[in-house]
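One chain, chain A, appears in both complexes that follow, with chain B as partner in the first and chain C in the second.
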Partner chain A sequence: MGKYILKRCGYIVVVFMILSLLMYSLYNLIPTDPARQELEPQRKALKADEYQMLYQQLRKEMGLDDPLIVRYLRWIGLWKDTDGTFNGVFEGNFGYSNLYKRNVVDVIKTPMGNTIFINIFSTIASLGITIPLGIYCAVHKGKRFDSVTQVVTMLGYSIPVYIIALIFMYLLCVLWRVFPIMGTKTPGAVYANGWQEFVDMLYHIALPVIVMTFGSLGGMTRYVRSAMIDALSMDYIRTARAKGLREKVVIYSHAWRNALLPVITSILGWFLGIFGGSVIIENTFSLNGMGKLYWQGLNNMDFELVLAIQMFYSIVSLIGSLLIDISYGLVDPRVRVDK
Partner chain B sequence: MAKKKGFFLTRWFKRAFLGSDQEVRDFMQEEQVQTPFRTMAHNFFSKHTVRIGLIGFFLIFLFVLIGPRFWVLDLSDQDSTLTNLPPSSNMMDVPKELKGKIADIAAGRTYGVGLDTDGHLHTWGYTRITEKINIADIPDEVRNADLVMFAAGEDHVVALGDDGQLYVWGNTRLQQGQFSSEMKKAMKANDATWDIIQLEASNQFSAALSSDGTLYLWGNTNVADIKLRKQYQGNIAKVALTSNEYICLLKDGTVAYTGFKDKGSAFAAIPENLQGVTVKDIAATSSTMAAVTEDGQVVVWGNAKNGEKNIPAFSAPVKKLYAGRFHYTAWLENGDVVSWGGNKYHQTEVPASVAHGANIREIYTGNFQNYAVMEDGTVETWGLKGFFLGTDGQGRDLLTRIVNGGRVTMTVGAISVIIATIIGVVLGGIAGYFGGKADMLIMRIAEIVGGLPFIPFAMILSAVIGSRLDPTQKMYLIMVVLGVLSWTGTCRLVRAQILAQREMEYVTAAKAMGIKEGTIVFRHILPNVISLLLVSMTLDFATCMLTESSLSYLGFGIPLPTPTWGNLLTGANNSIVIQQYWWQWVFPAAIFGICTICINMIGDGLRDAVDPKSAER
Partner chain C sequence: MKKLLAMLLALCMVLSVAGALAEAPAEHVLVYGASTEINGDFAPGAWWTNNATDKMLRDFTNDYSVIASDQGGALVVNNTVASSVEGVMNEDGTKTYTVKLNDGLVFNNGEAITIKDFLWSTAFSCSSVASEVGAKMTGYLTIVGGQDYYDGKAETITGLRMLDDNTYQISIVADKVPYYFDISYASTSAYSMKYWLGENVDIADDGNGVYFKGLSKDAIEKQLEYARFNAGEDRVSAGPYNLVEFDQASKQATLVINENYQGNFEGQKPSIPKIVITKAEDATWFDALKTGAFNFYDTITDGEHINNAMDLIEDEANKDVLGYGFNYVQFDRPGYGKLMFQSDFGPTQFPAVRHAIAHLLDRNEFANRFCAGWGGVVNGPYGTAMWMTKESEEWLDENLDNYAYNPEKAIELLVEDGWVLDENGNEYVEGVRYKEVTEEQAGQYVHTKKLDDGRILMGCEIEWSSSEGNSVSELLGIMLANGEQTAAAGIKINQNIMSFAELLNYMYRDATQGDKYGVPTYCMYNLASNFTSIYDMSYSYTLDPDMVAEGYNTDYIFDEELDKLSMDMVYGVEAGDDAAYLDIWQKFIKRWNELLPEVPLYSNIYISVYPDWLENYNQDSYWDFEQAILYATIAE
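Coming up: the complex of A and B.
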């Protein structure tokens, strides 16, 4: 197992390098000139040839004239920078955000916390609903409740999440005024202690979490249901029932454990999907999260920021796929991943 | 013949989809072996959800396919006077109480105000100006006054009582109700200098003309040139208002631009063929002005963008001229009525009952509406009735945008699915057929591409590559990006199918018979894959439409003003739109939701039909 994980980690590193190179060269398609940007404020004060000299000097300092691969290696931190040190992604330097005029690492901290917080909440909420619902529907297959759920879940995955968000906003924020319509905290609020702040934040993210949960109900419920039906149609279930085991034991101990395997893949895959999908939710609700930051960065052409977030997304997805494979082996001993 | 069973519609559908022999089948036929395709078709069409989905999807598809011919999209279209109108069709519905006893009508932007012979005021149409201000809330002092004259502007109404008092209601926040001191003095005196013969209202300003030739102008001085050059005061016979200027007909029968805009502007340049001719009537649309000469000819000048200058040939001299926002209506000496100019809302399509020699008492025109009051008191109307699905924040008809947006969304969805399928089939085929290193490489690539968060990646590609493209190219770019990012599912499916089919006995049998490899792949294996491919294409179609709309919603898809079902909802996530302008998001969301649900229903049904095992789930 250890060897397998090592091998996979190596694979992840290779893929990450390729991906980051691709992304980096993609960004370099955009005609920008950081040196000119840097000099722009002093431009009027300088003479033309003076400006030209300073500009060329700055270009050299920034290493803008070097080949793409060198610039990429510098950015990732595997090549000596112009000042002779290694200072790249691997050293923890993700670049400088033009939009926020701060280092990307500092910019990203709070939004990343928010995003992970929200996503964990909505993941727990949806799993708490979908798994029991899926099992119930599978056990009571073909009954009225099951068919109604089938239709409702179909609605859930057919309607785009922002439309669901609009409907919930209309009902809960405009008609009944239960939740605030956007933001992560009450404007101008002063908190007496951390607990109050936490509660206020919970209150604000309640609606986004509800919408995210609702949006993900459809696919997950169907998945759990079909996995469970597959498991229930197996011979060992008939054997278990023939032994006279109680129905609860048959369902939860025999069937559910076997249905878990496909469910786990889907849970992880979908947990990753949440990170991507939250771009829409965070924009709709103006939450200060990664998705919103990403959107702002793209809109304002702040590409070092965007690149850093993109790297985060890639890492999450790569590590996620590793976790899927490892958890296969853990859940189902028959699967030998290190074969 | 078996007894007819079931609701007639269900029987119709059965006959339409299954053929008429289904009802009279006996057990012998039941035993007949069907081809797999027929079984599939039967399984497919026998499901309720599939039928609902098919009917729904085809209705929407036809609507979106044929609709753009009727609701033609004009990308430069916008009108500040028609913004945020709710769905309505009552803009020309003169109330019942008013019919037969109309004394006077004033038609405004999207509403009308009418006075009956008993002195009661009525309003109709869309009278709401803002959330708080409503033209229909007529102030009590106006209700109690005996009105002799009134005029309706964009967002305010002016009325004159028989005691000489002027009333203004509607939007009065921009000085629409602020009279100058001379006016107040004259109003108070109510003598010969305040014998009002004409009252006009336009875009935030109004005009009152006294019989001694004195013109009073008041309103929002920031939008309109409402000052009068001194030498004309006391010499004015008629006034006509555009949306930001006005012109006057002087008592000597000449037309003059009496405001302070400079001589070079299109309004101040009175055409030469009006020099030395006596003018008997004037009128003005929002940006053009027109005069009727004594011999009944019409001359138009100004910024004619909607064909106001295309004056038709009249069958008789023009008696009176009326103007809307973009059109003119002329009443001829022989009783005929002719309209010309902008015809977007059918405001120049004069009904046959009015067009030729009808007994018309008077004609009134609003922005886009025309009312002809007959001698017998009935009213004939033509023009803008209202918008079936309302308008958006820029005054564009939502129905037009939904229909055309649907076409764009569906086209993008369909083409990106085709691209994804082609890539998926080719790569999946190579991986499945050749196996080995190619398989390994392709599947690794598929894993990476499939594992990346979809929306952020599509956003980045659209932003980085699309920054230098024009809107049409960007549309193609979105198709390609969606196709390139969503082929992995198809690829995996095709690969797995080909791998599975290769080991099947029929392939072994075919090989044993000496059939060539290529024939086996294309004649034997491919047909078995195609049905599953069709399923995945259907489901992918819905997904691609969803993704396109999400991207457009975020502003990284198809750029405005080209409508798609996604970017129609872009501005919808603020409380004002959600609350007050519900039609702007409910209708696009509803049709889009219904469409994707229908496609998913079809896809699910198709999967169940192709793979009966999945139906048991």
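Coming up: the complex of A and C.
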């Protein structure tokens, strides 16, 4: 097992290097001049000589006149930076945000915290609903409840999340005024203690969490239902029932454990998705999360920020796929992962 | 399953009740919905970043500038800060301003403001350390001796003098004066040197000019970083409000009145106790305003949105639910949306074609449709809120061509200019008009052809670059490019949709981004211009090829008179000589209107919506929220 993990880690490093070179090159292919872009808003306020001075200074600082491969190696930390030091990803510097004029790591911290906080609730709620619901529907396959659930989950699956968000927002915020429409904090609120602040935040994120949960019900419910139906049709289930085992034991100990193998890929994917923000939800509800940050980075061509976010997700995905492979072995003893 | 549903319902109830537990905001808190998110960089000026909402917060917290901008955008001496500002032209062509500061000014923490607090940032802009820490400051190009100090050739900044505890002098290099707005060079602002640079840095003047003691990147970097992003009780500032909180997670900033503030340039102090700045999303701002997520929405630009806001203002039922209603203030946009031509190649190098295009577009109808009734049309590079425009209303009506919608006139102009051939060089009957041109006029433009008889023809086919997702482009497509009148006139306009970054590459002819951008390709762009209160068009129409290559004169219109007028308007007029400035401004506008390097399309009317418990709020084109709110009061 250890050897297998070590080998996979080696692959991860190689894939990361190739991916980083590809991503870096792609962003640098976009015909834009970051120095000019940065100074553009100030052009009117600057005299011609001032503009030119700052423009040249910025190009030099950004190393824009160097070849692509030099810039890549500098970014990754294998080439000396313009200040003569090695100062790239390998040295812990994930880049500098041109939009925020701060190190990317400092920019990412808060949105990442927000995204994880919101996604944890959403993921737990989604799994907490979909797994029992999927199992219940599979066990009661063809009954009225199952049919209704199929229709509702199909609707949830088909309707884009931004439509769901707007409908929920209209109903729960504008019409009935149950939840606040945006943000994570009541503007101008004075909190007596941290608990009050936490409760206010929960109140604000409730609707985004409900929308995210509702939007994700369809897929997982149907997935679990289908896996359970397969499992329940197996001979060993008939045998278990013939042995006189209680129905709960049959369902949860025999059927569910065997249905878990295909489901676990999705479940782990969801947990890894905790790090990833939703561009639509975060923009709609004005939440300062990773999805929104990523969107802003793209819109403002803040490529070092975007690259850092993408490379982070690449690593999360690579590690995630390793974890999924390992978990197969843990869930199903028939699967060996040491080769 | 029933248990599960019951649990879910219970969870919803708990969350909604949780909201009620949170402390509601105090009454009469102004919650400002900003269309731009706060980045959180509160450094003075635009040393690092130029985010609009960050700038607003900076202005709220730093207002002790020697020179301020009044309600009409004119530069005035801030008498709260300085008792006198006097400028003298020197024999060597430089100009020296002597500024006498008032006594008794203090920061928000009660510490006295000294002359050093006024001067260090100007001196810093002459130091190479500013560049080392990444600040974009160019004071060294303006102040006498600044360049030498920046280059390390001089120990002091000779043009910056600290004469006594209240008086300083600032000398401006000869090639920057006289300048109509040169009083702005005399301005410094009060920033706590201790807060921004730390306790180990000082400035002094031993008689030869100001210099730093102990300044280095290592000495200040940490403190500077802290000071830039810090918001809280320990933030030292000198403006009408204190930035007491910036919540990174929610991107909300909270401002409370600075009790030590002695007023703006008119001595006005604020009375709205608390202002919260939060982000408004484009898609949901209306519902957010309606449900009270914020109660102030600044500068609504879109006509349809304005109409929605007006409905909300009249919505009595919503007023009953919220407990307050809304009012609005309207003001003119200090700028316009435009069609910009590049006038050195293709058909648009000929004034007749530019004029013909203007006559082919019903600009009044365009403005009416685009702005949904909240906009108008101008005939030159000006905004209706400028004092020059107000002074010249009659003159503008009498002297400018308004290029009224007139397809027949467009055809007449084209015929007069020689667009009388078809693509084979025969007399024009229908389709696209052609004109015989010289090799130089033809250049590399794609719609030119050489006939067997040696004649070179250029088709009146305009390549138009428009940015993606742009509603102006869509309307232009309908009303101009695909309009029957355009085809009937023999003009063809080809719309090319691209990203804004790519549009800029073509507009600046930036070959560093790819060879194709260096070749003049698109002769028409749709863009927008806004004018600041400092109306300075110098270098915008320069003939200098080096400056053109650097991105000045993006209209590529090379007219000596226009260039001279644009330069003389600011560099040929002494500060304060408004009559001379106005005279040249009028000549400049007239010449521009004749040449028509751009067709102004629409100039919006904006509105800002505010709660009805706010009184005396008078925002204007050059009088922004952070300035106007100082005069606002809470209704009894």
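Quick notes
Here is the rule we go by: the second predicted complex is superposed on the first by the 291 of 339 C-alpha atoms of A that agree within 3 Å, B and C clash if a C-alpha of one lies under 4 Å from a C-alpha of the other, contacts with A are read in each partner's own complex, and residues count from 1 in each chain.
Just so it is clear, a contact is a pair of C-beta atoms (placed from the backbone, for glycine too) under 8 Å apart; a residue touches a chain by one contact, two chains touch by 3 or more.
Just so it is clear, the structure is predicted and the values come from calculations on it, not from any experiment.
Within the superposed three-chain model, A:T284 lies in touch with chain B and with chain C [touch as defined at top]. Of the two partner chains, chain B is the only one that A:G320 touches; chain C does not reach it.
By the document's definition of touching, of the two partners only chain C reaches A:K101; chain B does not.
Applying the stated contact rule after C-alpha superposition, one finds that A:Y27 touches chain B and leaves chain C untouched.
In the superposition on chain A, A:V174 contacts both chain B and chain C. Of the two partner chains placed by the overlay, neither chain B nor chain C lies in contact with A:F90. In the superposed model, A:L298 makes contact with chain B only, not with chain C. Of the two partner chains placed by the overlay, only chain C lies in contact with A:V190; chain B stays clear of it.
Put simply, more of the residues of chain A are touched by C, taking chain B and chain C as the two choices. By the touch criterion defined above, A:Y236 reaches neither chain B nor chain C. Common to the chain B-facing and chain C-facing surfaces of chain A are residues 30, 169-170, 173-174, 181, 283-284. Contact residues of chain A toward chain B in the complex are 15, 19, 23, 26-27, 29-30, 154-155, 157-163, 165-167, 169-170, 173-174, 181, 225-226, 229-230, 233, 272-273, 275-277, 279-280, 283-285, 291, 294-295, 298-299, 306, 309-310, 313-314, 316-318, 320-321.
Against chain A, the residues of chain C that register as touching in their complex are 1, 4, 8, 11-12, 15-16, 18-19, 21-26, 29, 31, 37, 39-41, 46, 48-50, 131, 134, 136, 138, 141, 176, 229, 247-252, 254, 274, 276, 278-281, 283-284, 287-288, 290-291, 293-294, 321, 501-502, 504-505, 508, 510, 512-514, 517, 532, 538-539, 542, 547, 550-552. The residues of chain B lying in touch with chain A in their complex are 447-448, 451-457, 459-461, 463-465, 467, 542, 546, 549-550, 553-556, 566, 569, 572-573, 575, 578-579, 582, 585, 589, 592-593, 596-597, 599-601, 604, 614, 616-617. By the touch criterion given at the top, residues 30-33, 36-37, 39-55, 57, 61, 99-102, 110, 113-114, 125, 129, 132-133, 136, 145, 169-170, 173-174, 177-192, 196-197, 199-204, 206, 210, 283-284, 286, 288, 296, 301 of chain A touch chain C in their complex.
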